[in-house]
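Got some structures for you, see below.
In what comes next, chain A is part of two complexes: it sits with chain B in the first one and with chain C in the second one.
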Partner chain A sequence: MKFGLLVGLLVGLVGVLFCVSLGVGPAGLDPVTAFLGLIGIGNRAAELVMQEIRLPRAMLAILVGATLGLSGAVLQGYLRNPLADPGVLGIGASASLGAVLAIYTGLAALFPLALPLAAIGGALIAVSALLLLAGRHATPLMLILAGIAISSLATAFTSLALNLSPNPFAALEIVFWMLGSLTDRSMLHVWLSAPFIVLGCVLLFSLGRSLDALSLGPDVAASMGIRPDRVRLVAVLGTTSAVGAATAVSGTIGFVGLVVPHLLRPLVGSQPSRLLPVSALGGAAAVQAADIAVRVIAPGRDLKLGVLTAIVGAPFFLWLILEQRRRLV
Partner chain B sequence: MWDVLRAETLILRMGMRLLAVAAVMGVCSVHVMAVPKRVVSMNLCTDQLAMLMADEGQLVSVSHLASDPASSVMVTQAQRYAVNHGLAEEIFVMAPDMVFAGTYTSRASVAMLKRLGFRVEQFEPASSFEDIEKHILRMGELLGRPQRAKELIAEFHRRLAEARGGEALKRPLSALHYANSYTSGAGTLAAEVVDAAGLRNLGSELGLTGTSRLPLETIIISNPDIIAGERLAGEAPALAYETFQHPALKAILGGEPMTGVADKYWVCGGPFTAEAVAILNAARRKVVGQAHP
Partner chain C sequence: MTSLSVENLHVSLGGREIVQGVSFAAKGGEFIGLIGPNGSGKTTLLRALLGLIPSTGSISLNNVDLRTMAAKQRALNMSYVAQERDATWPLSVETVVSLGRTPHIAPMQQLKAVDRDAVEAAMREADVADMRERPITELSGGERSRVLIARALAQASSVMLADEPTSALDPAHQIRVTEIFSGLAANGRLVLMTCHDLSLAARFCTRLLLLSNGRLEADGPARQVLTAENLQRVYGVQAFFGEDEDKLVVVPRSATG
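Here is the complex of A and B:
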């Protein structure tokens, strides 16, 4: 398939899903009222629902989804490991831990920026530990094991922090941090996360050519003037900034970063510089679709996003492991 | 053949008689045990009713929630009793002759205590004013304080009558908005409180029953006259409370705070529930522009 056509189709898909997302909600607005509310000339209630509740939700779905798809593609390309993704590697769980510490100690209430910054800090610790533990030439197995260890540890500390909170609701919110949700997020969350997500994504996009070169082997890359330490730094900063900020407002949403690059890779001829933009778009479409589905399938139940992405993603992950095993044998 | 049948009938009859005797003895034993001397309560709602009614020295321990100012209206009184956390072991060493518990909380502990032979009296959560009266009467019977129960019911009626006052024909719409965007629908104590305050309850009008989710979006589009819930001050933060900070909610409230009805007045039913009616009725008067009578 032509690359331009694929990008165009994905942009169209994300656009359509964005509009559908704006049209779905318990208030049951008809399309005309919804549109008038969105552009601010409808009645006051419709305006509030569209601009303050549905718009931030739809925007966050795109930001978070693009982050997950893009960071998954970069991690898979840079680590040359098909199982790499921010969820599997424990980056999401560690970002959650940072966010949890910021919110439940009350720090985020005093200083809102503490929320994305703490989550980015958590993600940074996870990525650094991962690279230290497994290194760049680690086998897929070593990397996944290191990721599982980091993920379990971060989740345990998150549970501990939530259980120690004197707030009776805190302990229940482990579900949000493990499965993710965009319910009733506001523009405040968009403003808190968007700058870091955009910064991270710009850094990650800049890696396209380097990843192309690295896919030809380290020696070829070196001869083309690619400096591995610089690539690593940019990959780490980009991933932690985008994934950290996204997790801080949406919790961890699994499998998107794993599945989306795999689905799109055959369509772009396995070229990383082309995989990055389509993975970002594909991730945005996937999370947007999942967020529409949770509202349509179980309205009023506040189903978590991670439930849906896992139902689709986990069987795919199993299939991927079988593929890996076949290749190893 | 006939003999066998007669024998069976006889056995059946004897069985019945034995049962009847047992029942009578049971009644007797209840009667004999009617005034317990060491009572332990392991549920916030029974805590408060027991504290309101028990005789001097009769109540030994109440749950830790009874001294939590967010949930209990009787924090000072609770200081006089030993604290328990609803754990079977704690209750066991207190050697009570009667234990009060809720029907939904600490089920494993309640089952354990029953197995150990303790007399456990369970109370359903009150979901109407009628339930409150029934609970007070039953608690009075169990504690051997029926007179005190009658006094409390009279006090409840008096406070309700005071709280109500000034009903108009116009009944403004009220949305109950709790943490995590939950609300009370039809068949709940809160719905009856709202009704008694001369308001319509949005949750009930939307066909919700029990405590269920009412998304912020639905509240905004329903444009209620009053939005009421717990106004949380100095509470530890949680995502559950972020809904109270949502810009859409702030916008529809027009900069005013939500009508604050503390959870403690209606998580449990008691004479103090009349206070919730009074708060909501005051908010209603403000909306319809009615002066305090």
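Here is the complex of A and C:
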């Protein structure tokens, strides 16, 4: 398929899903009322629902989805491993820990932005530890090992917070937050996460050509003028900024960053640089679709987004593995 | 004309000195065969010349210190065909060869007409134009080797370093690949190739460098380097020596070491 056509189709898909997402919700607004509410000339209630509830939710789905798809594609390209995902560096787990601590200490109840800010703080501490642990001339393998160590530690502390949580309600709140969701997010969440996500995505997009060169191995890439140390630093910082901020507003949403690049890779001739924009768009579409599905499948039950992506993503991943095995045999 | 000068080069990896004081000078038009036993430091020497690993001593290209050159500038002067021919993704042959233009393209730019021409010329020169659509992962070893050479050719550098480009290839492919390099040197480039096939090196290379334990044991034309005494001392082999069309033929026949 022509690259331009593919990008056009995905942009269209994201646009359609964005509109559908704006139209779905328990308020049961008809399309005209919804539209009038969105542009602020309808009745007050519709305006509130559209501008304060559905718009931030749909915008965050795009931001978070694009982050997951793009960072997954970059990390698979940089680590030269189709099984890498945004979780391998431990950034998401550390951001989660920050958020959990905000809930645990009660800070999140005092002022609402404490949670995403603590999550971004967790991501920043994690990236510092990652760069220190892996060292200045780290190979991808050392980066993965350091990421696993950080991820395990963050998960352990999250468990500790759950273990020691002062009351069952706090524990429940922590567990629910960790499941990953975009329900009841405000425009504040959008404005808080968007700068970090945009910055991170710009950094990640800048790596396209380097990732292409790296597909022939680090030595050959370096002989073509690519500086491996710089690629690693940009990849790590870009992932931290984007995934840290995304996790801060949505919790952990699994499998999108792993499956979306995988699925789209054959459509771009496996070229890492071309995979970046289509994975960002594909991720945005996937999270939008999942976020619409949780509202349609179980209205009023608050089915968590992260639960749905895992339930759909895991079997899909299994199928990918079987497919790969079939090709090898 | 291109000139490469290496003086007293030392490389240590993991606390072990792999290259111990190598010096040589070379210029465009030479096709140099770098030979020596496994572990003698051939690959390490090439990687040090490319600036991929730290080294001490002096390396200068056209009288400019290579270590002071920006990575991109060095890439415009020197290209590399690595021994590993693995490719991570099933990229098409044309895409792989186009990667050679990486140092020529400004950030955020696409390939220009001049880049496309260079890619086409490189594919023709390495005889891979017919398979441009095929994924590199589905090619045979010999085809893949030629594609990776075309990739380095597209980089259009005056110096080309190749690490065992003929290993694991059938005789016809060995000759075809070596002829590509030979042609490059005839057109004024400097080619440095590591090789284990002594007769192949003797037939095509204009000069041989014999490495042993990180030191240069011999440097010169094939007849001067591939002597019974050198082969015995460095490789620990006795060899049959013959002549074919004025070229030296060397066939090792017993290991004595």
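To be clear about the criterion, the second predicted complex is superposed on the first by the 253 of 329 C-alpha atoms of A that agree within 3 Å, B and C clash if a C-alpha of one lies under 4 Å from a C-alpha of the other, contacts with A are read in each partner's own complex, and residues count from 1 in each chain.
The definition used in the following text is that a contact is a pair of C-beta atoms (placed from the backbone, for glycine too) under 8 Å apart; a residue touches a chain by one contact, two chains touch by 3 or more.
In this text, all values refer to a predicted model and were calculated from it rather than measured experimentally.
With the two structures laid over each other on chain A, which partner does A:Leu216 touch: chain B (first), chain C (second), both, or neither?
second
After lining up the shared chain so the two structures overlap, which partner does A:Arg80 touch, if you call chain B first and chain C second: first, second, both or neither?
After superposing on A, A:Arg80 lies in contact with chain C but is clear of chain B.
Taking the superposition as given, does A:Leu29 touch the first partner, chain B, the second, chain C, both, or neither?
Only chain B; A:Leu29 stays clear of chain C.
Output check: A:Gly269 vs chain B and chain C. Expected answer is one of first, second, both, neither. What do you get?
After superposing on A, A:Gly269 lies in contact with chain C but is clear of chain B.
Which of the two partners, first being chain B and second being chain C, lies in contact with A:Ser165: first, second, both, or neither?
The answer is first: A:Ser165 touches chain B but not chain C.
Thinking of the overlay built on chain A, is A:Ala108 touched by chain B (first), by chain C (second), by both, or by neither?
So A:Ala108 only meets chain B here.
Give the label of whichever partner, chain B or chain C, reaches more residues of chain A.
B
Name, in rising order, each residue of chain C that touches chain A in their complex.
Within the complex, chain C touches chain A at residues 47, 50-52, 70-76, 78-80, 82, 84, 86-92, 95-96, 99-100, 102-103, 105, 107, 135, 148, 151, 155.
Under the definition above, what is the set of chain A residues touching chain C in their complex?
Touching chain C: residues 80, 206, 209, 212-217, 219-220, 222-227, 265, 269-272 of chain A.
Tell me, which parts of chain B touch chain A in their complex?
179-181, 212-213, 215-218, 220-221, 223, 235-243, 245-248, 251-252
Which part of chain A faces chain B closely enough to touch in the complex?
Within the complex, chain A touches chain B at residues 25-29, 45-46, 48-49, 52-54, 103-104, 106, 108-109, 165-167, 169-170, 172-173, 176, 183-184, 186-188, 300-302.
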